[in-house]
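Which chain is which? They are A, B and C, in the order written, and residues in each are numbered from 1.
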Amino acid sequence: MSEIIRLESVSYIYGKGTPYEKLALDAVDLSFEKGSVTGIIGRTGSGKSTLVKLLNGLERPAFGTVFFEGENIWKRPREIGKLRFKVGLVMQYPEYQLFEETVRKDIAFGPKNMKLPEDEIERRVLEAAKTVGLSEDTLDKAPFDLSGGRKRRVAIAGVMAMQPDLLVLDEPAAGLDPEGRKKVFDAIDRYRTERGATVIIVSHSMDDMAVWCDRLVILSEGRVAGTGTAREIFGDPGLIRSSGLDLPQVGVLADLLEDRGLKLSGTVTTVPEAVSAISELFLSRGVTPTPKGGGAG
Amino acid sequence: MSDNSNTGRDYLVCRSLYYTYGQDASSPDASFALKNIDLTIGKGEFVAVVGRNSSGKSTLAKLFSLVIYPSLGELYIDGTEVGPDLDEEAALEIHRKVGMVFQNPDNQLVATLVEEDIAFGLENLGYPSEEIRRRVDLSLDAVGLSGYAGAEPSRLSGGQKQRVAIAGILAMMPECIIFDESTAMLDPGGRREIMKIMKTLKSQGITVINITHLMEEAAEADRVIVLDKGRIAADGTPHEIFSDTEMLTRLGILPPQCADVMNGLREAGFPVGAGITPEECADQISQTVIARG
Amino acid sequence: MNRSITLGQYYPGDTPVHRTDGRMKIILLILFMVACFCARSFSSFLLLTAFTLALVFVSSVPLGLLLRSLRMIIYILAITFILNLFFTSSDEAPLVSWGFLKIYAEGIWKAAFMAVRVLDLVAGSCILISFTSSPVEVTHSLEALLKPLSKIGIPVHVFTMMMFIALRFIPTLAEDADRIITAQKSRGLDFSSGSVIKRLRSLVSVLIPLFVSSFRRADELAVAMECRCYHGGEGRTSLRVMKYRALDFVMLAVFAALVAGTILLNLIEFGYKL
């Protein structure tokens, strides 16, 4: 049980001194275990994006402290740049940050800023490209010629090449088709297992979060409204609704079944879970499966 | 199908339509973004067009918005044949009748104030100021944004911006609205708002085409067209499309979660019917229990 | 979100100055400039300054806010003041003289008048235009005023449409720039250290994505505009009905009186001729 990053009563004020001043985060206490995958969910304006920028020192809290590996990240403000190599941030629609002539050069941008030796940079570029599933002949193409999904993965590789211990991603799969989404999440998962890294994902997609995260944090109006496993969080429809969120579709289905007097055992958050819970229900009510080929009603 | 009645008549018609982004459609090795498309969409239909990236979805949208013209074959919009020699008058009339809502809300709003943006189309068409004012107010009301007339679009949420874009089209009294991945950049709340408007439009007799890769959205349409590598791979009701597991896998489509659950149960041999929305599925499951229990 | 197209200093309000038609305000501004350049006599400067102060008062823009926005021109004023002070020569005996530097009474007057003139001019135009009209209103007014020029082949509509779109996209582009800078900083971009070449290179990593995204936006916007029946300025009408009201003519009369008054005071005052 060791934590990699911890926020201690962190508050952040947006647009200080302007008529649009707003308390974006209000005394947030959070900590993230090494090697875990945490999903941060919350509606637009709940403070998710601000939280993300506080983690790698792009923004400084108005009050409270952020500890990385036990040390206050703002202890030496001049060295905050170094933190960004350890806490890699992939922003929303990261493909818009690509600028080099080739994919290879673009992925190398981060490692170059770290002033690593040439051969190490080259090694990391290849490794990151492999992690996100880009073939080697893609490396010499211009990033602007690639499809949307691949551009996205190039951008993610650009952050992974810095080999951060903590990888933070803001809506990594937004706007992609199902295939593209899967490739992005597979890449994140591969990075985590290969490097033993910690991952924090911010997303609106409850379906994805239920599948990929082992812990969820709900933000609502700048405060932590709840934390727990997907089962715990989605097993509390009241909490989900009061935070302005949606249950995954299977959660809605379970709710509707309960209304009809058919309570499933346990909380379902993914399709396989729902299939097995409903099968169980059928069996307990005397509905038996007919062998395959017997046709369905 | 095609008779004189107002709804139900053929509205968008493609006949053996091909499109290539290359120059020469007649060359034997031309690569086509759309291939041999035969498609008829009737007036008042609510159609979802799905398919993975680069399946030809956005090319279809570009054809309907007259950005490009068919390389081969024919395209008719409300009876007018569309091609490079379409005169300006006719093109304007098609643009008036067929509205487009694009993906990025920031790249389709023209004006600095909401009401002026909604007025933009009518101003282009040369309507008198009083009529523009009347229609702007009506359209704002229709999308639930009355009170926002004087707001700056840059201060609105994504969903609100898309609603402004829809209002700008409604003001021109369209017959058909095409949503080109219009909810892709929105949060779930924004998505729900837009889906609700699509259904209202449909109920008012407006033809609605929703190009999307969100299957939960496609499930809400009356008809789903699946594009794959530039061809129409499937065309049917959401039930027909989403219960064909084998085809879905082949085409790289992830059905809505609930449809997936029902498919899984059927796979396991349980006698359940098809369902797509949570309500339908819950009904199906409880019927099965009652019938056998 | 702190994004606004109200560039500069629009100060919302409901005063006669705010309510005056935008086109009329441009005409008033021209009259005000004429008055500023006509003023030559002490009394005419007095009138001009009093008028400017009255304008500030009527528009209810806080004096402090106005002075803050005038800060920039103080330097220019100081330079013109000193130049006028030392480089005006006269037949009379100098008041002070150090070597080749001589200050004459006339020099002091001239320098003071010039300073007051510039100050009044800038303050007046700020109140008339930037504090009380939104950029959108100014663009609409310019289009309406310049419309007759399109009859002789000047593409007024093209210019104003460009202004509108520029205004519309300033907040969007600012946001883009902000997002790209944040993204590159997350990849270790450092603007604040290194050689000039290195810093220029840093700039490239921001500018290229910014251009790419701007072109993409422009491209999409052009399609969206065509889909909404845009086909140039021909036959275009406007949601806005611009109508001159009684207030506009009263304002016109007041400003015309200012010009007349300035000229009259010049004529009356001894030693000054038009």
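Note that a residue touches a chain if its C-beta (ideal position, glycine included) is under 8 Å from a C-beta of that chain, and two chains touch if they have at least 3 such contacts.
Model, not experiment: these values are computed from the prediction.
A complete topology is adopted by the chain contact network, contact being made between every pair of chains. When you average the Cα atoms of each chain and compare centres, the chain farthest from chain A turns out to be C.
Mean C-alpha positions place chain A and chain C at a centre distance of 47 Å. Centroids built from CA atoms put chain C at 46 Å from chain B.
Per-chain CA centroids place chain A at a distance of 30 Å from chain B. Counting partner chains per residue, chain C shows two or more touched chains at residues 1. Across the complex, chain A meets chain B through its residues 43-44, 147-149, 174-180, 204, 206-207, 244-246, 248-250, 252-253, 255-257, 259-262, 271-272, 274-275, 278-279, 281-282, 285-292, 294, 296-297.
Of all residues in chain C, those touching chain B in their complex are 1, 3-6, 135-136, 164-165, 167-168, 171-172, 216-217, 220-221, 223-231, 235-241. The part of chain A that touches chain C in the complex is made up of residues 14-15, 18, 20, 53, 56, 58, 81, 84-85, 88-92, 94, 96-99, 109-110, 113-114, 144, 158-159, 162.
Contact residues of chain B toward chain C in the complex are 65-67, 88, 92, 95-96, 99-100, 102, 104, 106-113, 115-116, 119-130, 132-133, 136, 152-155, 168-169, 172.
Interface of chain B with chain A (complex): residues 52-54, 103, 157-158, 181, 184-185, 187-190, 213, 215-216, 252-254, 256-258, 260-261, 264-273, 278-279, 281-282, 285-286, 288-289, 292-293.
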